[in-house]
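One structure is given below, encoded as structure tokens.
In this document, chain identifiers A, B and C correspond to the written order of the chains, with residue numbering beginning at 1 in each.
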Amino acid sequence: MKKIVLIGGGNQCHYTADIINKEDKYNIIGVIDSVHEIGSKVFGYKVLGRQENIKELIDKYGIEGGVISIGDNWARYCVSSQIKKLVPLFNFVNAIHPSVVIGENVDIGEGVVAMAGCIINPKSKIGNFTFFATGAQVDHDCNINNFASISAGSITGGYVTLGKYSAITLGVTVIDRLKIGSNTVVGAGSLVLKDLPDNVLAYGNPCIIIKKRQKGEKFLK
Amino acid sequence: MKKIVLIGGGNQCHYTADIINKEDKYNIIGVIDSVHEIGSKVFGYKVLGRQENIKELIDKYGIEGGVISIGDNWARYCVSSQIKKLVPLFNFVNAIHPSVVIGENVDIGEGVVAMAGCIINPKSKIGNFTFFATGAQVDHDCNINNFASISAGSITGGYVTLGKYSAITLGVTVIDRLKIGSNTVVGAGSLVLKDLPDNVLAYGNPCIIIKKRQKGEKFLK
Amino acid sequence: MKKIVLIGGGNQCHYTADIINKEDKYNIIGVIDSVHEIGSKVFGYKVLGRQENIKELIDKYGIEGGVISIGDNWARYCVSSQIKKLVPLFNFVNAIHPSVVIGENVDIGEGVVAMAGCIINPKSKIGNFTFFATGAQVDHDCNINNFASISAGSITGGYVTLGKYSAITLGVTVIDRLKIGSNTVVGAGSLVLKDLPDNVLAYGNPCIIIKKRQKGEKFLK
């Protein structure tokens, strides 16, 4: 089995490890993290080093790939960009829980994480470094752009577009054929009935725009 | 494997084909459709002809059954009626995704389509030509009448009745023991706390009646 | 296979039996119930006797364990207490539908019932005699206390605490890091954005406190 690392030692590290262990395709040899002490353990995995030293770590440990285990979309973008700059051909693998159902003609990028119970229907396009939490559902012919995320229990109708870095949070329903811009966050429990532009926070039933957001502004607690 | 056709060449055709291919019980030999040119291809399947010529098509292609792949409930009723008139013993098969969970003592009719992740609990009665989209949940002792539908992520409590031709759309919650009449549509994201009569459009949290509907009035975009 | 009984002959008895039959780990030899006539049948299972006679029934029928199939949280507490008083080492088994997904390092108590499609994420703690209805989702690092329940289609974020005897009913979303007290009921379709104290009924989008509740007050119809 290929030796891989988890990049990011926070909460998401734990359930990403769970997915990878259940897939049984890769061997997690450690964690790359910018906070925890090198040599210490997170969720049972040794912290091997910092991402800025990824080149040396690859040589030292024989790392053959990795998954970014970070929930914040913008942070996932920054980390992947830095690694790609240092190691342009770094092998970002996917972590797809065995219970995930993927329809025909779904196009899935690299570095995608999908937790238990997700369903992605035919002809949807799933961008790079997207994240799908427990039981997220993407209907047919959707377009989920790079670094976007859909949280637990949220569902989209068919032909929905979700822009780059945008986050649909917990328990959201998005009806058919809507376009949600990039860097936009939809708050928990929302019912989205209209398109949403770039760079906004929106929520409610029905969902309305609450305020503008900056690129990279935090949305997870 | 029995040779079957998909009747209806729109979007629903694609994910119905996906289900049937994953079930691996039937061989889809083509599509019967009233719009696409005969001989052209939809989602990789040849358009064999029109439904009004079903008798000749059966003879010509050795068709042994079919599934109606049409999302609109009333249209599904009209098409099934026409075919039954022309070929009274036509074999309408079910398309049940392998991930669907069906409880003990569930009674399932003919021509039923259930997408990935649906759960139907014990002692529920599932009528003919009903449609269950991704992750729809029907609790115990429910009665889902002919030509009714439940869209993605919607759930019913126990002992719920859904009338003929009625549609529960995306992300709806219906509490226990309610009766929803026939030809009624419940809009997306609704929380249904009271019975609903026949022939209405209703939505909201809590769900209220918005207006009367005509038989066969469109509800899908 | 170990011979077990279902304790409680109401609706929950039927789907608990369905789960146990699909798990294929135990042999249900009958039902213990305080209402139905002894010797009569419920859902195909013989009523063996009353719970106050559990000791004699164990001797007579060679009962090796049981599951309480009662939906009301307080009633489940009362019944389990009485049985534990009479037979301190009674073997309360779990009924976990084969489709349920359980993450790494989840700690599960005794007498737990989880219906089809439930997902429990890593490091959550699932108390004794808890009940999870169809498709309920518990995210990572949650703490679901003894005798609590989560109904169909309801989801929690990570680090959520649900107090003893408390019930999250149908189609509820609870965001990350909230604490819901004990003996509290969250009504259907609610979006919970703030902590909730002990002994209240709360609902709405967003969820607000509606009234105080007494210990053991009924919440199911």
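Just so it is clear, a residue touches a chain if its C-beta (ideal position, glycine included) is under 8 Å from a C-beta of that chain, and two chains touch if they have at least 3 such contacts.
If you're wondering where the values come from, they're calculated on a predicted model, not measured in any experiment.
S.K.: Once chain B is fitted to chain C on CA atoms, what angle does the rotation have, in steps of 5 degrees?
M.R.: 120
S.K.: List the interface residue numbers of chain A and of chain B, divide the shared ones by all numbers used, and answer same when the ratio is over half, different when under half.
M.R.: Different-residue interface.
S.K.: Which whole number of Å gives the spacing of the CA centres of chain A and chain B?
M.R.: Going by mean C-alpha positions, chain A sits 33 Å from chain B.
S.K.: Which positions in chain C are in touch with at least two other chains?
M.R.: Chain C, residues with two or more chain partners: 117, 135, 153, 205.
S.K.: Using the touch definition from the top, list the residues of chain B that touch chain C in their complex.
M.R.: Residues 101, 103-105, 117, 119, 121-123, 135, 137, 139-141, 153, 155, 157-158, 173, 175-177, 191, 193, 205-206 of chain B touch chain C in their complex.
S.K.: So in the complex, which bits of chain C are touching chain B?
M.R.: Against chain B, the touching part of chain C is residues 11, 14-15, 17-18, 21, 97, 99, 115-117, 133-135, 152-153, 169-171, 188-189, 205, 220-221.
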